[in-house]
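Note that subunit A is present in both complexes that follow, paired respectively with subunit B and with subunit C.
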Partner chain A sequence: MSSRVLPQFDLLTPQSIPEAVAMLAQHQGQVSVLAGGTDMLVWNYIRKVKPAYLLRLSGLDDLDNVNYIPGEGLRIGAKAKVVQLLDNPDVAEKFPALFQAAETFATPQIRNMATVMGNVLRGSPAGDCSCAILALGGQVVLQGPEGERLVDIDDFWVAYGVTERKDDELAVELRIPEPTSTTRSAFIRMTRVHEDLAKLNVAVCLEINQNTCQQVRISMGCVGPILVRLKQTEKMLVGKQISDGLLQQLAASAQEEIAPIDDQRSTEEYRRQVAGVILKRVIEKAIGAH
Partner chain B sequence: MSEKTYVGKSIPKLDAREKACGQAVYAADIQLPGMLYGKIVRCWDHAHAKVLKLDLSAAAKVPGVIKVLGPEDVTQKRYNTGVLDVMVPEEVGQLLGDIEDQRIFTDHVRHQGDAICGIIAESEEIAEIAAGKVKVLYEPLPVYLSAEESSRPDAFQFDERKPGNRAFQLPEQMFPGNAYGWGDVDVEMAKADLIVEETFYLPKVKQCQMEPHAYVAHYDQTGRLNCWTSTQMPKCVQPKLARLFEMPISRINLVSTTIGGGFGARLGMVFEPETCAMALAVPGRPVKVQSSREEDWVASESRHPGKYWVKLGVRKDGTPVAMDAHFTTNAGAYFTHASGVAFTAGSWMTGLYKFGSIRYKGDTYYTNQAPSGAFRGYGNPQTNFALEQIVDRACSELNIDPVEWRKKWHKGVGDDGWCMGVPYSSCALDECLERGAEAIGWEEKRARYASQSGTKRRGVGVGVMTHTSGAMPMLLEHTTCTVKMNEDTSVVITLSCSDLGQGAHTVLKQIAADTLCIPMDEIHIHVNMDSAGFDIGSHASRTTYVGGGAVIKACEDVKRQLIERASIRLGVPEQALEIKDQQVVSRNDPEKILSVKDICRSGVYNFTNPETGETNGVPGQIQGYASHFPAHNSPPFGACFSEVEIDIETGEVKVLELVIAHDIGRAINPMAVEGQLEGGAQQALGMVLTEETSYDKVGLCRNNGFTDYKMFGAADMPKFTTILVEQPDPVAPFGMKSVGEAGPVNPVGATANAISHALGITFTEAPITPERVLQALQDQKVA
Partner chain C sequence: MRTKMITLCVNGRDHRFEAPVNRTLLQALRDDLKLTETKYGCGTGECGGCTVLMDGKDSICSCLTLAVEAEGRHITTVGGMTQDGELHPIQIAFIEEGAIQCGYCTPGMIMRTASILANNPTPSEEEIRRGLDGNLCRCTGYEKIVQAVQRASQMMDTTQIQKSGGMGQ
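Moving on, here comes the complex of A and B:
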């Protein structure tokens, strides 16, 4: 049941990452990290969570940036807002899937508050930035009492809403690898109205040489408890020339590979019916066929 | 009428700035000394259950809790949140079978969100904690979510006065055969060359007014019960509260707050009964009750969902010889508007076309959904979905252009109106159809989209409608207005018409300014229920038409008094005087002139010369007054054209453009009229494409919030063209007609028709979601 009143909690405002990690360790399991709060505060109102402590990030410096480092790739700080992806020309140029995800994401108000990291840490199979990041590949940098560790995005989500992050770890940065001159990527989502969570989203990142696909990562959302890579379908694409016929086969394969359910946003049947269609479209969008 | 300074101008809403800057004071913003907080404890886990045991002891012990109130601790009187009882004579109410079946706190939960007890505490937080400690033992009862289920003979009976759970059907004594219309439908139907028949289903859609319901009530030291509320109809809620709490009307004082959107959600009483009951329990201390959006959703009224069966018989040339219709609507858990909506839903059909014969049956059944009630259009959008689609089906089978058919068969001047017995005074629907068709490129697009291939298919559709301006003759129709002239000629208008956000007060000031020839910013509107006279509220598309009519009359009364006094002072007969540029002047002798200011000032500052005994003018502050009962309801008509594009691989429908040509008579404020049409279309598009309150099998609401109830947002809106067709209505003040309730009506039919034009498939169930479209495409092998 939802309420107009926030449940009671203590608000922690660490001034450094080590202090934050120490607080997480001290109140192990009782702290929720509060980034933009666009998920976390809603969950508090609807009593989905009732944490004893909320730990906010506002006292932490140096986590606000979206930086492209030539030769390394994109670094997204834990406090960087979704809107910053749109303000950064490198994102638009080199990571179109992520840019497109940010473009369709929610509304200007939410984009100004929501962090990219919060989207990944929330662990929703509908996360739009998350969907793009899974296709682009990358790592989540976690800071814990024993120091820093990097978790591959492919391994990061373990179940609905559950991630590899341990209770005493703070996620500090997202890293997305440098694209090559032949990298192409794109993102598409389907929603009931513009401001909505996806009923289906898909992102693709391909290495294309003379219309031949050398490597590909396809991620799809809302077709299972976590965002998934369509690995069977990817295999059918690698080493092949992209043609209408091949796209049809990929579409059929995608339908086989997913496990959607009925929910408020759509039905299992519909998701299966359109998964192949939007996969085809996202590949065409990435390679600029349309 | 002469050239107007304000009427006809797009003057920005006067409260826009205040609202945009967060300065407007809503009920939720009110803080009074010693204020307590009330929480209505609702049943969230059952849609139908008996309360076997209610244990409030633990809740009462929470520190800071002042009082807990169970069903027995408040009045045992029943009530009906609707207000029909105030607006029709008692005999009519009895004939219609209107009943009072609601309780403040109940031990028989009839829908999720029914109120079971109340908590009054020092803070909202404490009330919330205490609410969590209320222990309830429920006995679940069978849950019915549709009329089909609740009308079964073995179903649980909601109310012994309503056998079979039928809350309403057209009463035999008023409508023999439980139907209204004209002609012999069975005989005429037999003469048809083509019969088209279909059952349509309409969803339960919510008003989604911006401001969730909130109140403050205070049973003060003088023994008066004061209630701060954003109700749309304060003067009707006042007697209802008086009756419920068995207090004289004089001891009920309603204070109107800024209203954050109405759309029918604040028609009649909402949570005033619960709030006032709490205030009565703690005399001397104000109590504030605020609801969350989720609570507002399950506990307040929505549009009536239902099953709309229509059968239309036409001749080969399109002549509509017979229309047979039966609408069965879902009242939800309580009676509320069970009779009103079922009655009017048919009138929007009898009022629109010249059917050779027509028979309309309307009935309403109880279910365990949240109660249905008033929502902008009052049945008209639902009727539009069924009626406009069945007409198009007939046109399509006979190869008749839908625009031409409508031009030929719509009702017009002199024809019997939507409420039979009141003929139409004007009708500009032909011009609406012509200009709308031209603006959208009707002929060219109809032809071009007739044969398409590819994954994107386009279609254009038309929908027409008529509505009312005011509640006459169905309901009491009355507004009282006082216009006080201050000594500096500034003006205070006192009335109880609410401004729902549609700009009513802006428009009423425009009307007053031009009638009195006084600048708008020297006119103030004072809404105070103690000083203002009667008014039936802001609904039925009436505030500009009827409220404006009252303002004009009261201003005319001011002018009459000004002339009367000038006549005395100038020694010129009244007939020879006129008011021009704030002067009363003789038509025959321009030297005989007296300023309005002089008359007003000397009326207030009236001195007697001690030597001569003479005064410096006619004494008395001028006040104009009107108690206005409009003679007509000058119905507006309108034509909407919709163009859609459908992705046949995904079933997604994109509305590309809407053209709305509206027969406004005369637009007092064109920008406000456009705003009403655009806002209405936003609600219509939601109803036809995306919105539906849905329930799980046990009757718990699945989407009582904006996460999963999707309205059209700004980014979803199509290109929009509004055409205001101004053919002044001969009997209306300034020639004006209404627009507010018209907004959400015909974009429904037009868009449904556009979809069927694109795909050749009629969608009988709204909302027409991509899931439904894709399914239908596959069934018909289009995709």
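Moving on, here comes the complex of A and C:
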């Protein structure tokens, strides 16, 4: 049930990260963090959440940027919008899976508002940027009362909509490691209509040397309560020459490894059938991309 | 009621008023400032009816933006596109191409078009169609809207857009 009026809340507008963390600690469990607002305010409209406080990030400097640091990788600040991934030539060149996820993400207006970090914190198994980030690997930087801690993206989502972030922690940055000259990545999603949420999405990041796969990370979305790595399928690929026959085996393995359900966007049966097909396509897309 | 004194700069004019903190920018425009040209459609950021420009370039959904978050930004609604009683070239192009039927989506379409052209004065048809992804029209079927954006692009002095850093005031 949606309402045209947001519920009542108080606003918190910290001017520094320590102040924000102190506020989160003081009002533990009663605060929702507001950055882009494209999920958070919808959740308030439908009363899925009814926080006593909304903590705005607007007063915090230094969290706005998408920076590529040679030798280290990509740094995405908590307030960086999805559109900034498209405006940054380093993302297109070095992190194509993330660039492709941003390209198909929602609508232009939402890309101007939504943050990349918000997509990760939402903890949806359908998150497009999240799917790409899981394949690329990386870490979420959390600031809490005890200081900073880094959580591997592989461990960040613990259940549907639930993350490793504690109530008194502020997620401040995403870090994605530097690719090598042999790293290839790609992202594909399937939707009912363009602006819809994914019914299935997949991303892959491979180390390829003379058509032999040396390392790989495959992530798939909408096939379980959280985004998943297809680790069995990854093992079948490592050390192998990529061939049509191998791609067929990977597709069959992917179908076995996922646990999709029927919902309003698709069915279990359909998702299982197409999962193998889009896995083949995303690997081909990654290898073809330079 | 938790309220806050805020100043919103809309169409080049500052408005200072006391707003509930849970007020969206769309509600502030329509209900506090009585600038009702910006429309409520879905309320969840999917239809684009509430699209306004921030700082002359960025199109956003005013239904998913708190009014307090828009403080310090320059907001342009379709009402701000008209200068000294003269319609903006984008408005003229929509009229001349007949890109309006019931008109409900038009304010959002015009503001999204302003954003498309502010960022890319000569978009291809593909870029226009992709650019209008977030604006739903239930009457016209988009063909005439795409033609209107093309016509507006031809009508406008692109160097002027780039020099002024965006659209509107």
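The criterion applied here is as follows: the second predicted complex is superposed on the first by the 288 of 290 C-alpha atoms of A that agree within 3 Å, B and C clash if a C-alpha of one lies under 4 Å from a C-alpha of the other, contacts with A are read in each partner's own complex, and residues count from 1 in each chain.
Here, a residue touches a chain if its C-beta (ideal position, glycine included) is under 8 Å from a C-beta of that chain, and two chains touch if they have at least 3 such contacts.
These figures come from a predicted structure and were not determined experimentally.
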Are subunit B and subunit C a fit on subunit A, or do they clash, once the structures share the same frame?
clash
Counting only touches as set out at the top, which of subunit B and subunit C does A:A106 meet: first, second, both, neither?
second
First (subunit B), second (subunit C), both or neither touched by A:L34:
second
With the two complexes superposed on chain A, say which partner A:L11 touches: subunit B (first), subunit C (second), both, or neither.
second
Which holds for A:E195: it touches subunit B only (first), subunit C only (second), both, or neither?
both
When the two structures are overlaid on chain A, which partner does A:V274 contact: first (subunit B), second (subunit C), both, or neither?
first
Based on the superposed arrangement, let me know which partner A:S58 touches: subunit B (first), subunit C (second), both, or neither?
second
One more residue to check, A:G239. First (subunit B), second (subunit C), both or neither?
neither
Looking at subunit A, which of its residues have contacts with both subunit B and subunit C?
2, 4-5, 8, 107, 194-195
Contact residues on subunit C for subunit A in the complex?
1-2, 4, 20-24, 27, 40, 43-46, 48, 51, 54, 58-61, 64-66, 68-69, 112, 115, 131, 133-135
Complex contact set, residues of subunit A against subunit C
2, 4-11, 34, 37-38, 41-42, 45, 54, 56, 58, 106-110, 112-113, 194-195
Touching residues of subunit B toward subunit A in the complex: what are they?
44, 124-125, 128, 290-295, 649-652, 690, 694, 702-703, 705, 707-708, 710-713, 715-716, 769-771, 774, 778
Would you pull the subunit A residues touching subunit B in the complex into a rising list?
1-5, 8, 107, 190, 192-197, 264-267, 269-270, 273-274, 277-278
